[in-house]
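Chain nomenclature is as follows: A, B, C, D, E and F, assigned in order of appearance, with residue numbering initiated at 1 for each chain independently.
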Amino acid sequence: MYELGVVYRNIKRADKAAADGLAQYGSATVHEAMGRVGLLKPYMRPIYAGVQVSGTAVTVLLHPGDNWMLHVVAEQIQPGDIVVAACTSENTDGFFGDLLATSFQARGARALVIDAGCRDVRTLTEMGFPVWSKAVSAKGTVKATLGSVNIPVVCAGMLVTPGDVIVADDDGVVCVPAAIAHETLEAAAAREANEGEKRARLASGVLGLDMYKMREPLAKAGLRYID
Amino acid sequence: MYELGVVYRNIKRADKAAADGLAQYGSATVHEAMGRVGLLKPYMRPIYAGVQVSGTAVTVLLHPGDNWMLHVVAEQIQPGDIVVAACTSENTDGFFGDLLATSFQARGARALVIDAGCRDVRTLTEMGFPVWSKAVSAKGTVKATLGSVNIPVVCAGMLVTPGDVIVADDDGVVCVPAAIAHETLEAAAAREANEGEKRARLASGVLGLDMYKMREPLAKAGLRYID
Amino acid sequence: MYELGVVYRNIKRADKAAADGLAQYGSATVHEAMGRVGLLKPYMRPIYAGVQVSGTAVTVLLHPGDNWMLHVVAEQIQPGDIVVAACTSENTDGFFGDLLATSFQARGARALVIDAGCRDVRTLTEMGFPVWSKAVSAKGTVKATLGSVNIPVVCAGMLVTPGDVIVADDDGVVCVPAAIAHETLEAAAAREANEGEKRARLASGVLGLDMYKMREPLAKAGLRYID
Amino acid sequence: MYELGVVYRNIKRADKAAADGLAQYGSATVHEAMGRVGLLKPYMRPIYAGVQVSGTAVTVLLHPGDNWMLHVVAEQIQPGDIVVAACTSENTDGFFGDLLATSFQARGARALVIDAGCRDVRTLTEMGFPVWSKAVSAKGTVKATLGSVNIPVVCAGMLVTPGDVIVADDDGVVCVPAAIAHETLEAAAAREANEGEKRARLASGVLGLDMYKMREPLAKAGLRYID
Amino acid sequence: MYELGVVYRNIKRADKAAADGLAQYGSATVHEAMGRVGLLKPYMRPIYAGVQVSGTAVTVLLHPGDNWMLHVVAEQIQPGDIVVAACTSENTDGFFGDLLATSFQARGARALVIDAGCRDVRTLTEMGFPVWSKAVSAKGTVKATLGSVNIPVVCAGMLVTPGDVIVADDDGVVCVPAAIAHETLEAAAAREANEGEKRARLASGVLGLDMYKMREPLAKAGLRYID
Amino acid sequence: MYELGVVYRNIKRADKAAADGLAQYGSATVHEAMGRVGLLKPYMRPIYAGVQVSGTAVTVLLHPGDNWMLHVVAEQIQPGDIVVAACTSENTDGFFGDLLATSFQARGARALVIDAGCRDVRTLTEMGFPVWSKAVSAKGTVKATLGSVNIPVVCAGMLVTPGDVIVADDDGVVCVPAAIAHETLEAAAAREANEGEKRARLASGVLGLDMYKMREPLAKAGLRYID
């Protein structure tokens, strides 16, 4: 349930080293490092491909067809933040375009994650301001109803608390709670540590069946080979 | 983000009078009484029509295609509870059927709200055990992976904390945080207080335009009548 | 493209005998009688089964999450009308409930067809006020933005002009332009004239293949039987 | 890949005792008895609730918006059959209505399972002819293009071979290959044998955790209880 | 409701200067300039990114799985036109490919907007013939049933009258009625006039809150800041 | 219905010349050459554009959220194969990423077609390993339940038998049964033989109406031109 009409100005952002460092591992590795949780629904897609980013969440709750609070959240952005926008009911209107992106970028925001639509995607691409959204739509919005800024929100099925770390790339968007950002960074690093070696072995023709010693558990589970 | 593999045995349930009393007002009125927030997504539908119920939430987090934790949550049910089940990714399998319903009913559960599928709907209807779900499906599930019980979960887009009040009927499902259950009950009662009088006036032919004094604000907004 | 902020008070309703008479044939027959056009998209479903109704359209254009204009349209209803509500973008909020239904019913409306959500469905069912909608949702709406009344609208993919005849039942909703309401009534009657005889022959075991003389065209099209 | 323009007149139907006997167990139990396979996608829903039926499949392949082959398949129906209709691309038109149902019923068909739309649902309900479909739609169809009858088809994601057993109820539709119909009947019977006792124990308050001896494997998997 | 089997040869196209000039403003600005109406549903997506185009609509009504009328409409194309194709029921088949595109391009068409599927997207991209569609699908179509050309059609939820101006880009597709094309061009130009200055101010760090003087209305609406 | 827990090691692959040769014609032409059948549902999309490929199918059946069998199928891959993965219920998790792709590529696989999700799409793009999938998702999977390898599977609505030819490009994915691969290659070649000439004529301004001699059948069907 949401508290409406409030802006929290002081939020505790996750450790900066962790918030910055998680970008290099990408959403899939980070999601695994947390035990396969934290992922926003896969309908959240980047407006252009090839970006891999992380940062601290500032959150905003919107009403359908109303982008007033995006102007309010702009003031709360600090360099290194990613804005996470939720909506009180399903809506695909274009809440966000190039003017807001200019403002967000000027404040130091790295990206927007919005559980609704955005527009001006060609200009956003040229500006290099990445957005993960549910839809692209030219449909404009009004400025009439109060939502809130920096309250915990549910965005694309995931609870995001202000200050959490957001990791986003072509595979999707993950939310890492601030309290476990550092340990998640270490777990992600550990996961990747021997990926290069694994990749080399697989590339040389070694099978995962052998590399991961799966033949015995498969046989135990009853797998039969038929010639 | 979810904590996995834990069962919280002691949760603070909302005030019982409020938890029981909200049923009479139904999801639409309760949702209005909270300021139009708290509603689960409208894809959550009852398996049979005509039930209006409320109770305190015990929560369970499931993995796709795995209903093991529904047996674990059964033990945590107290009379007057409603089980709220979330899933770590989208899934429509039939996690819940007549045997689990028998067990839940024996423990005193009033209903199940599940962001996934259920089955045995004919028997559930005969038993009078109401379920709100995303799908009906005969697809069975396995019992292999740990989720959690009584952690905060996101169910159909809404954050549900154990002990919150759930109100469900043919219009949908609303979650009322325990902390505001009592004031929401009062607000709902106040909303309904003069509904009978309003209904009588509208039934007699009085227009909402006049009863709610809308003509002036409509004119101010620029509405033009053309003959 | 829509004209906003206007209410047309004088619309030309279709011939009353045709508008009333089409109900008896139902949406499937009427749709066939018009040459298989005029049907709203099949996502429009009745909130309860078993109603078959027709009437003249009064139209209303709504904004997402805003039901203000439903109060404005109420005044334009005449006995025998069916209200047809379109929305400027996709929305499933519950724009319509028991109080508005009381008012619509008092004005003589026979039904509501709304390309969005409605609520209070249990009460609407008890009142016997039928609604065809895209969704059921407890989500309330605000009263802030002007739409229009009695302009041509696109509802569930179909153009509806004020005064057209709407035919709705468990199979869906059809729009019959006022100008062809009478000839459509006659065509529908003609289609049904020998349905009883056809049904009796089919019930006796005669095959459609023979009754409709399909064997020759099927053979000509190249159908082969293999024993 | 489909062979077009052919009608196979001689198909090998599954053992009649098995085909008839499976109805009593319902789709969920039969699906479990086969090892959790065989289920059509859950978007296949009955047009009215409360029917539980089984029978042997006669199959038909349709083109979008064209129901010609439903007349062809009618001749191939034998008492105890269920017609299974697939479509070469996604389509929700109303391919099937009361006249075809009269013919199918006269031939002894028990039901229709169609991966598309049907119409005249009120009359079908009155006639007691059950249909599981993807949609209800008044949209009519033409009779112009050849499909096939009694070839293997993919219906709602499942391969159905003519003569297989279809089991359908409120939970969905299952296809049982003719070759394993008898053993599936026995497996289903075995599953149900001690359901009554299980239900009684659960109703008396015994927990599934104890009845199924889950406490040890849950502990071994690492489940922690927190007071 | 649609008139079937007709081709209107003489349509009144919108003023050429307006039809050509609107391209430079793009769908979002034009949609705003009309008062936030006129937008086709956001499921209409370009087959390749980066095109911004406008032109006068020639319309065509298709039946599902049948592209016969696309050959008929080709003859009615004049240089500067955009073909707008609607379908009598939902269908994602590939109605349009490289041969038709070659013909449309030879006639001077600038684009196709189709509420269904298209194919040969790689070749269309190489040819530089832009298409906005609901789907991409290799599924071919037949040539069997008459639709119509240059009648008003509903395409992706919007009424398009022959001769209207279509504006399409990466954000979506807008329809501007011919009668207001000129004033919409002026309104769009006015909207853009001071965008450069606004962008410069936002880029310098000025907040929208101050630039648009939102602080007072936000406070009046009750927004509270919490430290 | 699926046989579970088996791996067929010896499958009969389609004629290599046909399997290799079909790539050049693409999915749309091959689908037409087979009589407009064989196409997987259009929700199957490539993770990057511009690839046109064909090869022989090795198949794998997966359970939702479980990618164990993808390691098993890797061993069965021969150079020139395309892996076709089906799932027992709907699931969008990311079953496949860069490590499996490295292994598949080392074994000589040309592509993956998966009726579920994949991840690491940026790396897959860099590696040049094409995937057609229903979704992109960072959601990881477990390795717990047996499916099967090289049994006939239904993938995106189409039956694929091991050894069939798969043709995939930006328009979609087609399955050509091994038995008709050669004749389909010839039919596709014949279809393309005079495409160049047709394209040249259309580019010169000749209308399809004349080139395909459609004017007479259109007139016979009743098409009327109105000036």
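By definition in this document, a contact is a pair of C-beta atoms (placed from the backbone, for glycine too) under 8 Å apart; a residue touches a chain by one contact, two chains touch by 3 or more.
What you are looking at is a predicted structure, and each value in this text was computed from that prediction instead of being measured.
Participant: Going by the touch criterion stated earlier, list every chain that contacts subunit C and also contacts subunit E.
Facilitator: A, D
Participant: Where are there more C-beta contacts: A-B or B-F?
Facilitator: Output for the comparison: A-B.
Participant: Which rotation angle, from 0 to 180°, best lines up the CA atoms of subunit E with subunit F, given as a multiple of 5?
Facilitator: 120
Participant: Looking at where subunit B touches subunit C, is over half of the residue numbers used by both copies, so same, or under half, so different?
Facilitator: The interface is built from different residue numbers on each side, given that under half of them are used by both copies.
Participant: List the centre-to-centre spacing of subunit A and subunit C in whole Å, with centres computed as mean CA coordinates.
Facilitator: 43
Participant: Per the centroid of Cα atoms for each chain, what is the distance between subunit A and subunit E, given in Å?
Facilitator: Comparing mean C-alpha positions, subunit E is 31 Å from subunit A.
Participant: Find the geometric centre of each of subunit D and subunit F from their Cα atoms only, then give the gap between the two centres in Å, rounded to an integer.
Facilitator: 28
Participant: Where in subunit A do residues touch two or more of the other chains?
Facilitator: 36, 39, 89-90, 92, 139, 145, in rising order.
Participant: Taking the top-of-page definition of touch, could you list the pairs of chains it picks out?
Facilitator: Here the touching chain pairs work out to A-B, A-C, A-E, A-F, B-C, B-D, B-F, C-D, C-E, D-E, D-F, E-F.
Participant: Enumerate the contact residues on subunit C facing subunit A in the complex.
Facilitator: 63-65, 89-93, 139, 142, 144-145
Participant: Hey, which residues of subunit B end up touching subunit A in the complex?
Facilitator: Its residues touching subunit A are 1-2, 4, 34-39, 41, 88-90, 152, 154, 157-159, 164, 175-177, 180.
Participant: Within their complex, state which residues of subunit B touch subunit D.
Facilitator: Per the stated touch rule, the residues are 5-10, 68, 71-72, 74-75, 92, 94, 97-100, 102-103, 105-107, 117, 119-122, 125, 135-140, 143, 145-146.
Participant: Considering only the defined contacts, which subunit F positions touch subunit E in the complex?
Facilitator: Where subunit F meets subunit E, its residues are 26-28, 31-32, 36, 39, 42, 45, 49-50, 52, 169-172, 174, 195, 198-199, 202-205, 207-209, 212, 214, 218, 221-227.
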